[in-house]
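The next block holds one structure in the form of structure tokens; read it before the comments.
As written, the chain order gives the labels A, B, C, D, E and F, with residue 1 at the start of each chain.
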């Protein structure tokens, strides 16, 4: 099957910043993203878990598939939001079906 | 004093407090008991809807008080002012950085709705009436403290991310909107409306509150367990002293305005309570460098249990004494 | 006319409608107020279980009516027929493509259970009795419209993915099964069974409905906010005209069968209402090229609020007038 | 015998059982009806809290019985002992491996709280009183069976992962802690406390139980559908025989201790019931090589429905006959 | 530690199609998959979120780890289901432990 | 934007083992991880779904981003926990922003 080279960017970010991130991505020309819930995690600021919490606490994972040439503006947009916050950004090479969608 | 003690004892033996204690102990003992996130959120929606609606229906029944405006104003002034008091205290009592101290201060200027709800139960249990519009005062007190804290932080040269969007988010945050909205619905539909949904929002209320406090105990206990490091003696002392100061100021304003005994107890409780939902979320956006484990542990792990167990009986006893004497 | 107006006014001032308005306004104002998905699903399970059970218990109490069969048949005929009416109207009033129009038509042939539940409350509030088996009619009306719409779409040369599995899914979808199932349980256990669980399914019902409509308002408001583009004037006009036409046809059938005033109002409401759960899911599978924002926005953003606020009082008033006069 | 039959018939016609049957049928028919995970967990928290609290309040009202200690001890002995009986039977009746048999045995030594709750309803429906502390007995019976089963498995040379952590997890698992904790709260706050939250934990109880059993039916049905392969005739026969044996032993202990008719029925039910929450989780950690589809299908798909429909009426009838005669 | 080359296929698809997809995968000889919930997302058809929704709305993410030689039939099976629907498919090279499981 | 080579390890594991896994990871010097909920899945032991379940049933996905040189101890720690249990472990090459965090 015909596949096309792309990048998969995964951003784990605090939930209160979700909307800010997706708006920044849209401004940077990102055409699509998928948001996954996060149950808990651990890092330099300790272990946390979503159980029993009220309010926009916790984190979410935002996944973007993009053409390789759009990576740079995406990372810059994401970084501007994530910069002062906890959370991580990772980039993986991937292939996608239906390249016209990206 | 005797009154306080017996009230405190009665309070401590109520299913509500004991449920909190159960949650707290379970978390400290590392039990895996937990309330699903969706359930906790839903219980809190229920409590907000119910308390707002009942407040509105009570306003509809008793007519609008001339003191409503004054009470809301007092709440706003308290919310603006308390962060300065808290910040000053924190700089003296603790070694927190300016930014951490500002973030903590925001929490103590704002309010905790569950503490308010618990106080309402105690007030009602003592047979006291309270002004229905106190829920509007509660809503009005949520946000101003954030402004003060950001101002304090920015004076210290701190960069704060307070874009216009943040203000919309804070002022229209879910709990304010639901509280004010259901208050309005209660006011419009009045006793008739209340009669229609009474067996949902009145009868099971105390029981739902038990489950919610079980969850609060679990969350507070988990916080205390994992973030013990954040609990320096100075900070703990602040977490107990600040509500007493806030409560005193709240009571002062209540006397000034001429609120009823119940209303005065509630305003004192609001001033004494510390936010643990709305303000933390705002701080993560606006002051991300402030350490969440400091302000969450203080607010939820120290001040909330203090108010629930010891604080509220004190505020109620003080209100009945002082307002009765006035 | 006066009757309609005063009924509409009373309806608009009920906690149920106001909760919907609160949700709608909160979403339009971009508040972050939200009901967890799990809570919304659970509330809807509760409403289905409760309404089904009460319908069954009422059938057990009043005995089976000879009209039950006729009413179910009328419902099925309406559900099969209304999509053709809707499709014709859409082709005249809007510029929607054939496939989008077919998908929308499916929604208007099928029903919205919450609209039905809200009408039940209004009917009961007016002191009218309605046939308990109307919930069975509601269940019977969910699916046939999908068949008609797929037939319409395939006539236009559209490829529809209507494999056998899809039919099982539609006929056994959760809400049909729960409605019919709890109706059966109510019929079997009768008044005794009802007495045992009354304080769960009857007393708090109106209050739960408020919370659910708050959520519906939020979802509808978010849809209106994000999908405004889908709301061309022609489509909006259809979203208001179609329920009135459907309601009229429903009322006609009710007169034909000889339903009670309450029953007639409910059948009119069913015919007037548009699905927003079962049919959208079926359309995503069978007609994936149809644009979901068109049918969801129309059904949930236009017709649902219209029925809730204005439509139901009209159908109830019309039913009391016409059936009373027959 | 007549008594059993009429009791069984009454039981089968109750909304609770019918809700279970509805869920079971829906799942077997592959309907997509489902209860959100968070809702199921919350319903179970509610049931545990309610049953524990009511037990405690009843102890507070009737005073502590000298038989409490004996009953708890009997429960512990049963929980330790039943796995050996179960293991022996399984090795005779089925071809399960030693490790699978040990895992299944653990489930039958432990208890199912919903079965207990359902029995409580039947007992109360028959107008029988039962000792309030039976919930403490239930809590005490959850864990010991796991120990016996691990011992059996390790005797077979099986490596079991029973690190100290596991013991803390089992003894402090959520349902034990909530049951004991709410029992303690009920004991402390007594009738007063109960009065305050009665309309939450008493009135809607049966209705909530219906929804919960609907979900149990769905889960059991899905298990039966997907894991039919695990259901060899020998295993099914064990799933029906074992509760009868357990029930008999439970009844024997009850007679020995001198429990009331209601208490005897409940102890028999506890002994007859099989765990499907706490023990499966423990087995995944300690005996990961045991096949979960075997023990889950047996416990939830065979024994639970058997007890719910046929078993409980038998235990209640037997208890009334034997204890009445003693 | 001994690892083995494999492919990680991630399919974001509408929830009503979940069962169809997993059945198609099983027919194509895929031995395992994991389904993650999706909270929301954005794409050509706008932004959506799961909050407060009732019914099988929304999307899910299906993750399959497979031996490289099984990629082609998997993609064909997935594509047959996804073809006319919204959603995205991405493929990444990865390593797995315990190759006997795939 | 400056990125750094890293490894992304994804471990799908039974929920009752979650705490054991994260503790083992921490002992192996892993500085951070993120836990995603899993809705359901299929494998050699059949299909399962989280719907309507009570108790710590089901699985979770644990994602770790780490420096390449820390991969080996991580895999060994993870394997010690996962060894006798169902579940899968996959490793992907990736790039991360803010390398100082890993």
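Heads up, the rule we're going with is that contacts are C-beta pairs under 8 Å (C-beta built on N, C-alpha and C of every residue); 3 or more make two chains touch, one makes a residue touch a chain.
Given the structure is predicted, the values throughout are model-derived calculations rather than measurements.
Colleague: Among all other chains, pick the one whose mean CA position is farthest from the mean CA position of chain F.
Modeller: Between chain F and every other chain, the largest centroid distance is to C.
Colleague: Counting shared numbers against all numbers at the contact of chain E and chain F, is it over half, same, or under half, different?
Modeller: Different-residue interface.
Colleague: Could you tell me which chain lies farthest from chain E when each chain's centre is the average position of its Cα atoms?
Modeller: It is B whose centre lies farthest from that of chain E.
Colleague: Where the CA atoms of chain C average out and where those of chain F average out, how many Å apart are those spots?
Modeller: 45
Colleague: Just give me the whole-number Å value for how far the CA centre of chain B lies from that of chain D.
Modeller: 41
Colleague: Can you compute the centre-to-centre distance for chain A and chain B, using the mean CA position of each chain? Integer Å is fine.
Modeller: 34
Colleague: Could you list which residues of chain C touch at least two other chains?
Modeller: 32, 34-39, 41, 199, 203-204
Colleague: Two-or-more-chain contact residues of chain E, please, as numbers and ranges.
Modeller: Only 36-37, 47, 56, 92-93 qualify.
Colleague: Which of the chains touch, listed as pairs?
Modeller: Here the touching pairs of chains are A-B, A-E, A-F, B-C, B-D, C-D, C-E, D-F, E-F.
Colleague: Residue numbers of chain A touching chain B in their complex, please.
Modeller: Chain A reaches chain B through residues 14, 16-17, 20, 45-57, 84-86.
Colleague: Any idea which chain B residues touch chain A in the complex?
Modeller: 34-37, 40-41, 44, 161, 165, 215, 218-219, 222, 226-227, 277-278, 280-282, 284-285, 288-289, 291-293
Colleague: In the complex, go through chain B and note every residue touching chain D.
Modeller: For this pair, the touching residues of chain B are 13-15, 18-19, 22, 25-26, 29-39, 199, 203-208, 210-211, 214.
Colleague: Residues of chain E touching chain F in their complex?
Modeller: 1, 3, 6, 8, 22, 26, 31-37, 60, 65, 92-98, 101
Colleague: Mind listing the chain A positions that touch chain F in their complex?
Modeller: So the residues of chain A in touch with chain F come to 10, 12, 36-44, 47, 59, 61, 72, 75-76, 79, 82, 88-93.
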